[in-house]
């Protein structure tokens, strides 16, 4: 069956649940690998208080036995440790207490459209699910997808290339896996030491002005075979599938593959990746402007995607809004106080990309045990004479 | 049932087929509306010879009776008028003639990954389906989605904002429907007369250098109710769905919603759209930086999306490649000679956006006859006190 | 979004998880309604010891607040109270202890095909998920679908018509909702007192012979509007959707709609339901041979479906099998000791039917708040002049 | 991508269209194989006049080149030769002529529910699509699925076991492929010569009484590997998927797997298939009561399913109905005059079963070229030591 990841859970409810369907049996998993990504999602300069009170961990309650997948749905539970303080406000069942409603929709959030769509009088009924807290459930599911990819020689990783007005030096799709060593040690998950300093400074300066800060992160996937996705149907093209998954991340507003928007301004002779062949390497490219996607398929070069994140819309300097019960102008609710989430968003991006790529491997190679999948991948690599890029 | 658009057909085969499932019954359609969009897809300065020999028309062969939909699948057939010259090379069934294979994969196309994935020795088996010719079938299907949207007061339209290095003046999400009058009269489908001239010149100059030219087009949808899509599940978010559909367009490499990548560099106070209310207008915004999407839902403001197109990879000055039978370096095949397709791509973008939006209306409002749908939309507009933007 | 119910969990693992996506907001739910169906699933003459040690209850951990749905995914957790005795054998993570494998696949179960498909050496890796224990998670999800249907005036209910060789008197699609009063008080959930006695006796007699016993249950849905499902596409026909859901129940081997297999032997004049009309009733039928489905759509008459259950394959008198490690003949493992589950299976059937029907209402009527849905249903009933059957 | 078959077209419109997505590249197809099944669908004692005027043929217009699949969507067009006589009544676009409406819904058909659901005043808007004519498009698509299965050593075939009150001798899941030789030469597609005579007589007798006649057909699939489908999710179980596809056939009212409803009445010791092993055969069964499905998966034994067909509801002796414009009682329209379609329905059943099984092979084995698929199947058969049944 195709890979399918569904999440449930509100920000201050009892907890988050993820179900991952479609991984093969026999895949080795570890609690550490899951929790490591959950921890990485909580890092980054610019995060607010909640990240300190909660260390997320995911309890696996089905689909795994003695460290190996069983081939069926895997359920993961990430408790909201703070729920004890919210039991009245967020109880699934009626409570005695009189719980006040939230009436101020925050610009830039799901709040206003959400109460309109769902017919609510209480903005909390929207914001609890719309919160980026939900991305912890995605990251938990994505960690499983990553383990599956890892078993096939594929690594998905991200780095931050822009925070506010500060841009890291351009790398033009040329990074190798080794370049990412230590990326998590930068407080903004940036590969460039100078840029890191400037980014931290940017955050500090803007935070003092009660501003939030956006930015851009870039994703790489190394080790992908050529021919994932397909040109034959628009619903099967990897570029569309990847863009769809990445722009579903809260606060993401743009996505580019390879050189993305820059390609629009270049002449054709500088916009593509010429094809070469050598005995040792098979077919290869000397550039990677396409970001490893041509005709809706992976090319066998590293996959590169960029995601633009708007500054999070919850500001310590609130924006103007309207009270939905009185219709009077007012200032938007302040719900939490992260000022910059771009480094963490990169980890969410890894999860979403891994989910799409794992799904593409499942579609292309089938197999019910991980060894079946590995054998199919190996046979295909052999058939096309492809070797993983170093 | 959800809206579902599937296309079939090769560039030089007998023809293209589209099936559209999920439109309600009773919707008025016209041959003219479908063929008008097919003609718009063939326009634009920078197109090659084929656009002149073929005037596309779509024959409806099912699902419509006496000009109204029957509620079932609608099949559209777009013949390839040139097939008579290709009957041997592209016949579905074996032919006597010895048909030579194509062995030179073109960089930037599906060619190389396609032959690897599908195990072909003949690049033609890939390029015929990967060709942007397929977008005629999408446009035919999209024309039906547009008619459905039109019945609900929604218009989807595009304009070109960049060709090569030439950019039209920034409009920042502020256009109204009236601003699009005459857009198709510009040879590059640009709203600005000065920019049009410069763009035409850019194409002429680069074409003489045997270059192809990319660019950016921008899509607007006017009249959308708030609350299409949802924050509740990542697979339901309109931003992801829209990005997925748009980046499935051949040669699209980037997508942004509203101010897109520009938002990454702005402080939070300049990145969102404050909320206002007045008796006459209901809730409204004075800016539209979000492009009419917040929290994965439409806001009731015009939807704005931008798509970056790379220069098409088939150059009159061919790129280096490798013969897949001899493994010797060579120069890529020249299959066709459009030099710039950005104006046409905008029409394809309209089709894809219309398909996604029509699907969102079907999901949210249900209904089996168009009058059921209209009644549900009207009741919802009444419930939330929303009036279409002028 | 369409209604989507996914379950996870093994029989002796930490617990079961269900996620239900696609219910509208504002729907009133209660813990009691969910747990009532979980309890009904555990009843019935012929159940074994486990039903006594475990009283299932479902904890809602998301998607519901203060007793009303939020419009997003609803997660339900049903703990396996017995897990404490299985922590070594079923731990998700590696354990110190040496856990013996199961090597005897049971005929009639997923065991043999499962170990082949998934490449296991331990049958337990299959049987834990294949167990009908999983139906508790379906029933929990189905209880939500039932509450949604109840809000629209629809009731789904089952009764047992055959246990082993004992058949209840034929009722030919003529039952009314009132006829089901007290059905749960029969130890075999049969509406006929005489048949109940004979069925209990059948179970007692066969159980003493170490046999298991199958049977047939019949499902009714009352209050369905005409026109759910559609004739326009095979994937939209209600008969196919219902049959698909019901034959996905563990041990189900046959399904019939209305008079089902009996219709095959009748002349056309006795196989259909003639159409009548009266001012008070609108269109109506005096027979219901079709089981309320014509042309893949509901007719407005009660929906009637029958499901044949084989005797459960775990016998106290075990069947011959083969040890998968030694390939030697042996006798199949005895894992549990229910002898007859037909009365409980009817409750599972209710859940599956409710899930399909709730999905059909979602598709046809859309709506994001339950009041939107109710208004659309009311408008449709008005349009077609249909009144619920008494 | 998963196998996906969509059909479009009305009974007297321009024609039928099928699109089949998801077949691998390189699969050899032939016009003959497709048309042969189309012809088989038109045979059978008891068919009316239309079968004589129309010899169906399917034109492949995409996805196939020189007799081999290209990996993309395959479009098939089956013209309605009779359309020239219906051009006014069924024209997609408005006509000058005054086309009279049909106001008499036929009991047992989609007619009444269809006009209610879709808000029509003309029953023709429903009956044209609801007609079993649509099954020609399924059979065309199914023929491709069969060719795919044939390449993997799988054959799907049907025979008729009951016509009206006449039953063929019971064969209890024991038939081999060789037993089906010549089945199409029986005018009722029955394997037993005596029963054939009695069935033909039954049709003749009832036809003279202006009755239509139903019956039962049985499907076999030979050569299926164990482990198609899965126990892990209800949506993945083969029993549910098969039942869903078969009960989506027009006029089908019941489905059983293996011994189906008969299993309900048997003791457990006579309801399952004990497991044996021998060096030469691997695991095998001496009975096939399960119909080759256990735990939602294929067992490696022949798959057996039975489908009950009601008598077609269009009688030469019409049933009572109501004029939907006047609400006056009247007699139902007589649209066509087949009296028995069970033999043809078996061919439709083959198509639907082949579509489900081909999809299961695609899911389990992946692969983009047919040789990839074959290699994966062979590796799996090797891994589990399974040999096709003779």
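Observations on the structure shown:
To keep things simple, chains are lettered A, B, C and D as they appear, and every chain counts its residues starting from 1.
In this text, contacts are C-beta pairs under 8 Å (C-beta built on N, C-alpha and C of every residue); 3 or more make two chains touch, one makes a residue touch a chain.
Remember, predicted model here, so these are calculated numbers, not experimental data.
Ranking B-D and A-B by contacting C-beta pairs places A-B first. Summarising the inter-chain layout, the chain whose CA centre lies farthest from the centre of subunit B is C. As a whole-number value, the distance joining the C-alpha centres of subunit B and subunit C reads 44 Å. Distance from the subunit B centre to the subunit D centre is 37 Å, each centre being the mean of its Cα atoms. Mean C-alpha positions place subunit A and subunit B at a centre distance of 26 Å. In subunit A, the residues touching two or more other chains are 6-7, 21, 70-73, 117-119, 129, 227, 230-233, 235, 364, 368, 372, 383. Contact topology of the protein chains: fully connected, every pair of chains touching. Interface residues of subunit B facing subunit C in the complex, by the touch rule stated above, are 1-2, 21, 70-73, 227, 230-233, 235-236, 362-368, 372, 375-376, 379-380, 383.
Listed in rising order, the residues of subunit B touching subunit A in the complex are 6-7, 105, 107-114, 116-119, 126, 129-130, 138, 162, 164-165, 206, 209, 211-216, 226-227, 230-235, 237, 239-250, 252-261, 263-269, 271-277, 283, 285, 290-291, 294-300, 308-313, 315, 317, 319-322, 327, 329, 332, 352, 364, 383-384, 386. Contact residues on subunit C toward subunit A in their complex (touch as defined above): 4, 6-10, 13-17, 19, 21, 24-26, 30-31, 59-67, 70-75, 77, 90-95, 99, 117-120, 125, 128-129, 368-369, 371-372.
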